[in-house]
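Shared between the two complexes below is chain A, which pairs with chain B and chain C, respectively.
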Partner chain A sequence: MSDFRSRDPLRHAVTQLSRFPGIGERTATRLAYWLLRQPPEVAAEIADGIQQLRVDMGHCATCCNVSGSDPCPICRDPDRDTGLVCVVERPQDVGAIENSGAHRGRYHVLDGAISPLDGVGPDELRIRELLARVGSGEIQEIVVATDPDVEGDATALYLAQVLKPLGVRVTRLAHGIAVGTEIEYADRSSVARALENRREM
Partner chain B sequence: MLHGDNAQGKTNLLEAVWLLATLRSFRDSRPSRWVRQGAAGAFVRATAVGHTGTRRLEWRLSGRQRSLRLDGGAPSSLADWFEVVRAVLFQPEHVGIIKGGPDERRAWLDRAVFTARPRYLDVARDYRRALRQKAALLRDGRARDAALAPWNARLADLGARVMLGRHQVLTELLEPVREMHTAIAGGSGDAGKVALRMSSLGGEEEGLTAVRERLARALAEAQAEEIRRGRVLVGPHRDDVRIGLEGRSARLYASQGQARTLVLALKLAELVAARARGEAPMLLVDDLTSELDQGRMGRFIEVLSGLDNQVWVTTTDPRWLGPLPDGETVRWRLRGGAVFGETVRPAGESASKPLSAASDPVDPTP
Partner chain C sequence: MSDFRSRDPLRHAVTQLSRFPGIGERTATRLAYWLLRQPPEVAAEIADGIQQLRVDMGHCATCCNVSGSDPCPICRDPDRDTGLVCVVERPQDVGAIENSGAHRGRYHVLDGAISPLDGVGPDELRIRELLARVGSGEIQEIVVATDPDVEGDATALYLAQVLKPLGVRVTRLAHGIAVGTEIEYADRSSVARALENRREM
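Moving on, here comes the complex of A and B:
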């Protein structure tokens, strides 16, 4: 490794940078030259930030979200409704729902969706942990916010199937026309889904 | 009308139109094969005048990356794109819809449902996906009731939508098929009644809830057998379209000529059914050379002339087609991938004299 590096540091940096998703060789080269033009501490700070991410980040034992502390800040927050839990597929989905400001409960991160084609069954997801949380008695409602695709739908159905017998209310995030879209401009799938998910007034 | 010797690019041009209509090729499903050897990418650009107005379409493939431009910008959804160009395709091997296996009939009908209701594409794709997921689960050996239940629920819902979509479009096609079949077959004996129905649904109208429940029950009954055989045994992926001619199965009893006439009638019926929706898909006919006897060919061309749809026909020898409607026909000759011939004129203006071959047409009309 060290003799590889000594041969061509620029080449090595470009190879490493282009391992990021969405970064091709051209962008990686541009980034490498940009780093060379910066004061030396910039590269050190970036390298440190990346390294600490893996060292310091772990999982919250309660909600299974990635977190620098256990329990995570959301699970620790006393102002959150402990009876309401929103179930998502990925950690970044928590961010999306948090940004909406509309959810005052807690979360549970499944770490994926059921997909037998990828060898992922209920046992590979954090469903056991969710059942344990529900079993401890405080949760009244689970909002399933899995993706509106085949795997997300099947995961939601599976969750409803195992959660309902525990006496907890199970709801699903509505899908349909995006806010700010006038009905006449919405695409057919969204209109159809919105019609199917219509509510009593 | 596109004419020229074999391997001059006739079908290529047709394929480009089909690609814009469906984002698929009818020759090879692998996009990497659509690019000329040694080239980095490919593009198709077109101006389409249709029921959504004058639209500019551009399809581009570079590497594995496909990009679409509609009127110079990215289309907001695929549904918007598919709205612009609709097409119905006829190829000689489509005779397999009559004489081949159930998969060929399902493929035809699914394509017809998609042309009539573009949203069906999502339903059919999700159904196939759920089917593959459940099949993987069945093969996995961990298939227990609790794990299968969500997949069965998805398959019952999506499957019912597939079945209803097919049933509704087949019902819409029945009268037009009979009408078109009589028009092409003429008084030649087999002009009798054509019958169309799905093997899974009777003629009666059922609602989504009823079909979904029926499919869910069938899946539940088949569960043990499915686990034992490791395959999904019930659902519209095993369905068939029963096509009858004069009370007998066309698959078993239709002659080659009768089968060709029936396929053309099915394709033309899609155009007629589209008219009721206020749409006029294009008809793409690949290699119309020795498909029909002269009488049927003449009547086929006559029917085409009576429809309002744009028709693209390729042939090696225009004489086979007989006289084409004056003033409405544009003749292009293809040689070495290049197009020779008339420029497209607005309807009503008469076209210039044909470039070749058709100067000595054989009149096939009786």
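Moving on, here comes the complex of A and C:
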């Protein structure tokens, strides 16, 4: 009898894959069996992508975004407006705003939002780092792009409070009816925000 | 400027995770960002689970199931009935039948089902290996547990044709109304099979 290894590699792979959020044992089992039907290099390549992510990724000391380099490509791009900084909750949000193509400034990643119920106060976020950036004098406007929910609203209000005394302009993303949504089907809060934020024509 | 690595490890991880069936770029991005928020060993452990799966898993030369050893734990279990072999399409099916606790024999994994439209004929399946096992004389009954669909039915018929002349008993799993399903909600084919397979009381 030739033992390829003593423990059960299939069970081990399923256990490991199930650690991903939203992947239960059933899906993990499906993925593991799929891997077994692929050429061996597929598993090796996927494993490498996962492993290297955590080895290679650090944080940009300026904008606090996750990045493979410090400063990150956005912070070292000379064509970006250094006077305009968009503040977001999570690294993912940078991608969403970049995809819009409408922001030519830089970013600041807070790493969350103020949420007293979860024990997250201003000190748990990268607000100190933001204040230091503003203190260095180059920034004219902070666009707050936190989520339109209780935590995002609280964070936006807090930021306006601490930033305005430093002489910087603080704005927030407009909220209203999403482009492409018929008013009939828009959710109640979006309609309310759209009315509040109505503009002269 | 300190480059952690030249290529973008986040994009690389997302590309690799998207190779899994049913995981699109959106989900892959969510998983990658989740990994970035975990302690570094989480990514290393998951990567190891994936990588080792393909390194450690081979096939049992007897039953053709994927296995970490050859022969597999089921084929080398002396308490199993060697005269009774359950034939399934896929390695996953072994798990389903094992979980029922109702089969005390061994298995044979065909690695698919006859499907002329997909170019899968008897020669593409592990039928030669099954005939060799039957030829060695120990097997008295083959329980065909292929799926109750066109391909599974065709495979079952083919197996009956080639196995019966060898003097072995060939049976097939009963199909009918699933336990727990009310007749009102049972699908048409299951009701039809249940009527066909009705038993004396």
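Basically, the second predicted complex is superposed on the first by the 192 of 201 C-alpha atoms of A that agree within 3 Å, B and C clash if a C-alpha of one lies under 4 Å from a C-alpha of the other, contacts with A are read in each partner's own complex, and residues count from 1 in each chain.
Everything below uses one rule, namely that a residue touches a chain if its C-beta (ideal position, glycine included) is under 8 Å from a C-beta of that chain, and two chains touch if they have at least 3 such contacts.
Keep in mind that this is a model prediction, so the values were computed, not measured.
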item: Contacts of A:L117 with chain B and chain C, given as first, second, both or neither; value: first
item: Touching partner for A:Q161 - first (chain B), second (chain C), both, neither; value: first
item: Greater residue coverage of chain A in the superposed arrangement, chain B or chain C; value: C
item: Partner chain(s) touched by A:W34 [first = chain B, second = chain C, both, neither]; value: second
item: Which of chain B and chain C A:S100 touches, first, second, both or neither; value: neither
item: Contacts of A:S136 with chain B and chain C, given as first, second, both or neither; value: neither
item: Those residues of chain A which chain B touches in one complex and chain C touches in the other; value: none
item: Residue numbers on chain A that touch chain B, as the complex places them; value: 114-117, 119, 121-122, 149-151, 153-155, 157-158, 161-162, 185, 187-189, 192
item: Complex contact set, residues of chain C against chain A; value: 1-5, 7-10, 12-13, 15-17, 19-22, 27, 29-36, 38, 40, 42-58, 66-71, 76, 90-92, 95
item: Contact set on chain B toward chain A in their complex; value: 76-77, 79-80, 118-119, 122, 126, 129-130, 132-134, 136-137, 140, 142, 146-147, 149-151, 153-154
